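Take a look at the structures listed below.
Here come two complexes built around chain A, the first alongside chain B, the second alongside chain C.
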Partner chain A sequence: MHENLNINVHHMARVEGHGNIVLNMKDGTIEDLRLDIVESPRFFEAFVVGRHYRDVPHVTSRICGICSVGHTMASVRAVENALGMEVSENVKKIRKLLHDAAFLQSHVLHAYFLVAPDVLGVGSVIPLAESHPDVVKMALRMKKFTNDVCDALGGRTVHPINVIPGGLARFPTKKELIELKAYYEKMLPDFETTYEVFSSLDYPDWFAGFDRPTEYISLHKPDGEYPLYDGQVISSTGRIIDEQDYLSMIHERVESHAAAKHVSGETDTYMASALARYNNNYDQLRPKAKEVAVKLGMGHPCTNTFANTFAQVVECAHLMEEDLAVLTELIENTPEPEAPVEPTKFGRGAAAVEVPRGILFHEYTFGEDGILTDANCIIPTGQNLANIEADMQKLVPGILDRSKEEITLSLECLVRAYDPCISCATHFLEVDFRE
Partner chain B sequence: MKPEIGVFSFTGCEGCQLNILNLEAYLLDLLDVIEIVNFREAMTEKGQDYAIAFVEGSITTPEDEKELKEIREIADVLVAIGACAHLGGVNGMKQLRDLETQRREVYGDKKDFFPTTEVRRVSDVVPVDLIIPGCPIDRNEFVETVKKVLMGIPPMLPTNPCCVECKSKGNVCMYDKGLSCLGPVTRGGCDAICPSYGQPCDGCRGFLETADFDAMVKAMENEHGISTEAIIRQISHYNAVPAADLIAKLKAREVIHA
Partner chain C sequence: MSSQGRILVLGVGNELYGDDGVGPRAVATLLEDTLPDGIDLMDGATRGLDLLYTLQDYDRAIVIDAVCDGGEGGRLLDFDLEEVDLRGYGPQISLHDLDLGSVILLARTLGEELPPIRVLGLTPSKTEPGPGLSPECEKMMPELLARVRMHLAEFVETEPSTC
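Up next, the complex of A and B:
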């Protein structure tokens, strides 16, 4: 049992962006346990002021290349809400296919490239190419599939250009939809193997046995589908609000002990993530996804933070089934290209969308000339920071009999379970530049 | 021993780095001929030599500057990748407004925690050997650059404007649609992807050395009725840093080429 312990993981690897884990223990008491954000400040909300509404999604997608599809969706929907633009159901269907593909891409990347190396005890995916070549090749094939879908529907994977305020620049043809559907069908066996891989791995006891119930916030559609693109905002406390009122649920606050601006929900800290979506929207999951959840040993609700990766795998199963159904529909009834709808007013509008790492809010105000005067973005990783630290406080006391290396690994795994995206978060976080 | 290659990330969205990871079809082949050593490992082992250092992102903090200089010292070839490293990119927009005001807007009374500086391109801080332009970079252009550097052949960037590729794709000109476009002065090589999706070129691959801005601005204003404000907005989308003088000139006068 450690009485005194100092852990400082400087620039931890396999998270998006730069973060440090700090643990200081003295005489058996934890004095300091936190996740520091050491990315450069970005100033997006300031420099998007003065931009035309058509350009705003092109600017805010650059908050993060990894999450650029999600930021584009949030941005385009916030512009449309601010300007009173209602897009057609067909536009929504095609956007959702693209949005879903970005989830598949991100989840595959996180599960295979960022989490699997931890569970298999190696430093990165590169040694796995030697020891598990078939699995790595399969993971690359799956990633290529998701990127090909994003290319086809978004114009390109990083900073998509096909989704514009008021609609789509280009509609997929029937031939393209047929090819996409065949591609999805061809990939199903790889996804099946993935469900097997992640349910057969041998997880450490602190991973499999962790349990800390917290508040979960996500989108929700009581009578609709598993919501990723739009919906109301729900807290696991039971409160449901309209996306325009998000600030009545999401509270930013400054903690004196921590460098980062923290966010609280209805109660205290909360989690935004695949696990939050899973817990709040379990009934809307397709049967195949529920099957996979059972295979992975997930109950419902599931309050093990490490199981966020499992929730991502469950979402992959849901989305493959969902998107094949949507593609079938679109092939039968292929939409004619539509011109983008025009603004009907100029004012304020917010949008809440789910992105792979959790719920994301963009809010804009525009003047009569279509120029942006005010912007606010609340990013999942920022929402999760306080909850990550609360999880660390729960985790560490239970594993103090382990080696320093194992404690370090468990803390890194815990942070990685959230799939944090620090590039995203630092557009507004308070940053501590300690060396 | 395989040549060691580093990918280093400063202020940006990491999308260019992701586009390298998105080379699924080539990734394992690439790993056969090069060793990728990443940023977070790299800084613990000083004095290591990199055959190629790819640098993404703009330089916006004193720490960025210090690290970039260290990388330059140990890299044989330094390549600036993406618009942020090459041009300042979207980060450059913050140059258009007073920095103090923006720090207050974003960080309030905690603004002094953030020692941000003006946005600089990589080439404003250290000598740059090669550029892979674009926001984001093109995956294939990255592979070509790696191949050519390893073979000792100097990579060449296209010298034609975006318009050449746009025309060959049969797109209707953005100006004929009543939109403003920087295709005539912007480096091609992107296959005119934005105009092909109905969106004007905002110049993410940088302006051609041969670009005639006086003629361009004159045509935009007089023939197409585009306001000076809109021209400044478009030029500053990715090029606020390299086009700082031009933007200052446009801001300074009331009417252009009347």
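Up next, the complex of A and C:
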């Protein structure tokens, strides 16, 4: 049992952006246990001031290369709410297909490339490719599939150009929809294998046995579908609010050790994530997804943070079934292209959208000329920071009999379970010339 | 299209991170050139894994990137990818940080087919956030571009009738 312990993981691996884990324990007392966010703020909310409403989604999409579809959806919906633009059900269906594809992509990559190496005890996907080449090839095939769907519906793989305020720049043809449906059907076996892979891995005890009930905040549609694109905002404490009133539930604050703001909800900390959606919207999951949840050993509610990856896998099962049904509908009644809806007012509007890592809020105010005067964006990782630290406080005392290396790994895995996206970094090609 | 098939000139890197922007900057300049059919120019930016699928669509590629070989900044490097050992990022891989070296390592490990890749790089000396190249790399940019054009001309001359 450790009495004194000092862990400092500088720029931890396999998270998006730069964060450090710090643990200092002296004479059996934890003096410091925190996740430092050392990345510089990027001031996107300032970039969009002075921009025309049509330009805003193209700028805010750049907040993240992984979640560019989600930021586009939140941005476009916030613009539409601010300007009184109501889009058709057909537009929503096509947008949702694109939105869902981004979830499939992000979940597959997180599960296979960022989490599986931890569970299998290898440092990255490269040794995983050596030991399990068929699985990694399959994961790449799934990534290619979701890229192709984003290309077809969004106009390109990242930073979609087809989703615009008021509608879509282009509608898919019946032929394209038929091809997409066939592609989804072709990919089903890979997803089936994925459910098997993640239900058969041997998880460490601190992973499988962790339990810390917390508040979960997500979208909610009591009588509708499993909500990713729109809905009300629900806290697992029971409170449900309209998305326009999100600031009555979501409270940001500055912490000295983090360049990103911490956020509290109805309680001191909460989790925004696939697990939050799963816990708050279990009844809306499709039967296949519930079947996969059982296979993965998830109860409901599930208060094991590490099971966020399982919730992502469950969502993959839900989305494959959901999207095949939507594609069938769209093929039977292929929508005619519609001109974008025009603004009916100018003012303030907010939108809450789920993205792979949790609920995302964008809020804008526009003047009469359609120029943005104020913006606020609250991303899931910021919302989760305080909860990550609360989870770390729960995890560490229970594993002090383990080696320093295992404690370090467990803390890294805990942070990675949130699939945090701190931001983009730099990329150099590093080589050694052979002598 | 060349009988050697389609050729990709791919600039890789983050133009908001000093000399990491060598690739995108070179591609932006080459867009002004009139290139023969069958040669595509692409700013690969920081697309990570997606670069694998992009490269697989071509029969050969020239990749322009900032290249760290342990030496001083502002030098031109011109080599076949097969000639070097790639370090990749090893355990530091994230989805954003899946650099070209890691992508190539992954492809090699999986036995994925890749086209022959010629790398034209500048060794970076400014590795910090912010747009713009260092004076050392800026000075070398004309030579880098000349070398890209030279290689493209060689490719075309090999099979002139088909370009």
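The definition used in the following text is that the second predicted complex is superposed on the first by the 416 of 435 C-alpha atoms of A that agree within 3 Å, B and C clash if a C-alpha of one lies under 4 Å from a C-alpha of the other, contacts with A are read in each partner's own complex, and residues count from 1 in each chain.
In the analysis below, a contact is a pair of C-beta atoms (placed from the backbone, for glycine too) under 8 Å apart; a residue touches a chain by one contact, two chains touch by 3 or more.
Just so it is clear, the model here is predicted, and its values are computed rather than measured.
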{"item": "First, second, both or neither for A:159, with chain B first and chain C second", "value": "first"}
{"item": "Dominant toucher of chain A (residue count), chain B or chain C", "value": "B"}
{"item": "Partner chain(s) touched by A:357 [first = chain B, second = chain C, both, neither]", "value": "neither"}
{"item": "Partner chain(s) touched by A:140 [first = chain B, second = chain C, both, neither]", "value": "both"}
{"item": "Which superposed partner A:68 touches (first chain B, second chain C, both, neither)", "value": "first"}
{"item": "Touching partner for A:130 - first (chain B), second (chain C), both, neither", "value": "second"}
{"item": "First (chain B), second (chain C), both or neither touched by A:169", "value": "first"}
{"item": "Which superposed partner A:114 touches (first chain B, second chain C, both, neither)", "value": "second"}
{"item": "Contacts of A:262 with chain B and chain C, given as first, second, both or neither", "value": "neither"}
{"item": "Shared contact residues on chain A - chain B and chain C", "value": "11, 13, 16-17, 40, 65-66, 109, 126, 129, 136-137, 140, 143-144, 147, 157-158, 427-428, 430-433"}
{"item": "In the complex with chain A, residue positions of chain B that touch it", "value": "10-19, 21-22, 24-25, 27-28, 31, 36, 38-41, 43, 60-61, 63-64, 89-91, 93-94, 96-97, 101-103, 105-107, 110, 113-116, 135-136, 193-194, 197-199, 202, 230, 233, 237"}
{"item": "Touch list for chain A against partner chain C, complex", "value": "11, 13-17, 40, 65-66, 109-110, 113-114, 123-126, 129-130, 133, 136-137, 140, 143-144, 147, 157-158, 424-434"}
{"item": "Residues of chain C defined as touching chain A within the complex", "value": "12-14, 17, 20, 46-50, 52-53, 63, 65-70, 79, 83-102, 105-106, 109-112, 119, 121, 124, 127, 129"}
{"item": "Touch list for chain A against partner chain B, complex", "value": "11-13, 16-18, 40-43, 45-52, 55, 58-59, 62-66, 68, 109, 126, 129, 136-137, 140-141, 143-144, 147, 155-159, 161-162, 164, 169-170, 254, 259, 423, 427-428, 430-433"}
